[in-house]
Amino acid sequence: MRFGVWSIALIGLLGVTLAGAAATAEDRSIVVASTTSTQDSGLFGYLLPLFRAKTGIDVKVIAQGTGQALDTARRGDADVVFVHAKSQEERFLAEGFGVKRFDVMYNDFVLIGPNSDPAGIRGKDIETALRAIQAKAAPFVSRGDRSGTHAAELALWKLAGIELESAKGPWYREIGQGMGAALNTAGAMDAYVLSDRGTWISFRNRADLAIVVEGDKRLFNQYGVMLVNPEKHPQVKKDLGQAFVDWLISPEGQAAIAGYKIDGQQLFFPDAEKKGS
Amino acid sequence: MMRAPLSDLPLVIDQVSLEAGAARLLDRVSLTIAPGPPTLIIGPNGAGKTSLLRLCMGLVSPSAGRVTWGGRADHAPERRAMVFQRPVMLRRSAAANVGYALAQAGVPRRLRAACGAELLERVGLADLAGRPARRLSGGEQQRLALARALARKPEILLLDEPTASLDPAASRSIEEIILMAAQSGIKIVMASHDLGQVRRLAGDVIFMLRGTVHERGTASDFLETPSTPEAAAFLRGDLVI
Amino acid sequence: MSDQLSAWQLILYGDPTLFAIVRLSLAVSLFAVVLAALIGMPLGALLALTRFHGRSVLIVLLNALMGLPPVVAGLAVYLLLSRSGPLGALGILFTPAAMVVAQTILIIPIVAAPTRQTIEDLWGEYRDELSAMGVGPGGRMMTLLWDARFSLLTAVLAGFGRAAAEVGAVMIVGGNIAGFTRTMTTTIALETSKGDLPLALGLGLILVTIVIAINAAVWGTRIWAERRVG
C-alpha cells in the first residue's frame, strides 16, 4: 500500500507542475499567431525577451503558415496576428476579424536553387527565371500551404504569365509544409525553392543550395500586424495585445527589429509608418 | 459470521436435468443430501460427477427440475464452499488468499488476521503464510484452497477430485483435513476416482452413470454388495460404458 | 537553446531550456498515461466481463482505435477546445493541459484493448473460484485487474511509449510555444525544419534513451515485485 501512496504523490507532483505551467503564464500573456518564417529565422527568440522585459507580458507564439494563422485568429484562438500576405490580411480585416492593420517590417524573398543551376537562371530577374524553370521542367519545391511565401510564389508565377494549373507537372512539388521543411526538401532533391531571406540566412542544412535570384523589386515581402477584433471574440486580450502591436511599431520595437542580425546580416527591415496607417 | 440460525440442509434435488448445447450432462437426477458423514460420488469419466457438484455449488442452473435448500424454496444458500481439482491461486501470498476468502465471506477486517492464521494452522500452512501462493507445491495449493473454503464456515463442503493430481503424501494431508472438517460437523460431498479413498472416507456412496444416479447406499453396503451389475463392474475395475 | 552546441553538450552543461523541455515531455506523457490507465483499465475490464448488444462492435472499435493517428486525435481535440468550439470556454487550448487531454484520448484504447483481452482470458480461468467464493461483479473486476497487474503493465508501457513518441497531437493542441508547450518531439520537428539536423538527431537519441531508462526501471520494479508476490 505504500506504493499507492507514492504513486498518488507522484501524480500530485505532475499535476501541480502542469497546473503551475498553465497558471503562471495565464496572467499576463497573449497568444500571437504568426508565420514559420518569423519563428524559424529566430526573430521572436530575439524580440520577445525585450518586450517582456519592458512590459512583463509573456508572448506565446504559435507559428503556422499565414493562411493557417489567420484562420486560428478567425476562430478566436489568438489575440494578435503577425503575418506576411497583404491581400489575405486585408480580406481578414474586411471580414471584421481584425481591428486595424499596421506595416511592421519587410524583407525580401530569394529564389534558392542548386549550385549546378540546371535551369541556368543565375542572376536573371524573377520572371525570366520562373519561365525558364517551367520550360526546362526543373524541379521546384512549393510550400503549398497558403502561407505568405506560398501566396507570393503563386503571384510571381502569374506575373511570369504561367498558368500553374495546366503547367504543373512532376517537376512542381507541393509539400504543404513550412519554410524550413521546404528548404530541407529542396536540398535533398536539388530543386529550386522560393524562400524569405530571413529563414535562408538562419537555415543550417543548406546541402548544395545557394541564392540564384535576388534583388528583384517584385520579391518584396511585407509583414503586417493586427489585433484580433474583440467584438468578434470577446475573450481577446485587447489591452495586452494592443500593447504588443504598439510596441512593434514604436521606435523602440522598430529599432529592436533592425537590431536582429545573424552573422552580421540584418534579416528584417522595419517600415512602420511614423503615425498609424 | 457465526450466526446462521436456519440450516441450508437438507439439499433436495428434484428431477433436475442439465443440458449444455446438445449434451445432457444430468438426466432427471433426484436425490437428497442430509447432514451426516461424508458422501462420496463415484463413476466413470463423463458420468456427471462434476456437473452435479457444480449444480450444488450454484455455478450452473438446472435446465429442468428444482433444487431446494433447507426445505425453503427460492432460498439461496450462503454457507457452502467448493474445492476444485486444480485450484486457482490469487497472485498474492498464502495469507492474503485466505484473507481474501474471509473478506468475501463477510468477516470484518479486524478479525481477519486472527481467523486467517487459525485457518492456515488448521491446514498446516502456518509456516508458508508469507509465501506467494503461486509458488506453493500442488499439495500446498490444494491445502490453501481448503483453507479458503473453510473460511466460509460452510455447512456443506463440495470437493471435485481434490487429490487427483497429488502424490500420496499430499493426498494424505488433504484427507486428514477433510476428515477433521467432517468431524466438526461439516457435510462433505466429494467426487473421487480413488476407490481406496472412498473406503477411507465415505459414509455413503453415490454411483453415477451417464448423467443419472445409478445406485446409492451406505459405504459398507455399496462397496461389499453393490446391487447393480454396472456398479459391480465399476468396482471390479472394468470400463463401464 | 544554444545554436552551436550539440545535444549531448547541452546535457553536459545542464542547459535549462533542454531540461525544461524534457520535464514538460515527461510530465505531459506520464500524466496522460496515468489518466488513461485510470479510465482505460476499468473500461477494458467492464467490456471483458459484461455482455450486451453490440459488444463485439465495441471491441472491434476499441482495437481499431489503438491505431488512431495522433494528428487526427490532435485535430479533434483542437476543434473541441478552440474558442469557437464547444469547450472553448475552458480556455485550455495551447496549454499543457490540452496536450494531456489529447494524449490521454490517444492512449486510452492502447490500454483498454489489451486489458479487455487479458481480463477476458483471466476470467475464464478464475470464473469458478471467484463464483465459489461469492465475489460480486464489482469485486470481480477489481480482483482480476489486480491479479493481472503485471500483464497490464505492458499495456501501460505501450501507451506511455506512444505518448512520448508522438508529435502530431501535441503540436496541434499545444502550438509548440517556446518555453511553454514545447516538448522533445516538437523541438525535434522544429530543429529539423530549421535545418539543424545534428541537433534534432541528438535530441531524438536523448528522447529514446529516456524512454529506454523508464522502461528499464519499470521492468526492474516488476521483477522485484514478482519475486515478492509470485
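Per-chain numbering from 1; labels A, B and C assigned in written order.
Just so we're on the same page, a residue touches a chain if its C-beta (ideal position, glycine included) is under 8 Å from a C-beta of that chain, and two chains touch if they have at least 3 such contacts.
What you are looking at is a predicted structure, and each value in this text was computed from that prediction instead of being measured.
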Practice prompt. Work out which chains are contact partners of both chain A and chain C.
Written response: none
Discussion item. Quick check on this structure: which chain has its C-alpha centroid closest to the centroid of all protein C-alpha atoms?
Written reply: C
Worksheet item: So which chain is farthest from chain C, going by the mean of the CA atoms in each chain?
Response: B
Worksheet entry | Approximate Å spacing (C-alpha centroids) for the pair chain A, chain C | 32
Worksheet item: From the C-alpha centre of chain A to that of chain B, how far is it in Å?
Response: 78
Worksheet item: At what distance in angstrom does the C-alpha mean of chain C lie from that of chain B?
Response: 47
Worksheet, complete the sentence: Among all residues of chain A, those touching at least two other chains are none
Response to the item:
So, in the complex, the side of chain A touching chain C is made of residues 7, 10-11, 14-15, 17-19, 21-22, 25, 31, 36, 39-40, 44-45, 60-63, 75-77, 177-181, 183-184, 202-206, 233, 235
Practice prompt. Quick one: which bits of chain C touch chain A in the complex? Just the residue numbers, please.
Written response: 23-24, 27-28, 30-31, 34, 82-85, 88, 91-97, 100, 175-178, 180-181, 190, 192-197
Worksheet item: Given the complex with chain B, which residues does chain C contribute to the contact?
Response: 125-126, 128-129, 131-135, 139, 143, 146-147, 149-150, 228-230
Worksheet item: Where on chain B is chain C touching in the complex?
Response: 54, 57-59, 78, 81-82, 84, 87-88, 90-93, 100-101, 104-105, 131-135, 148-149, 152
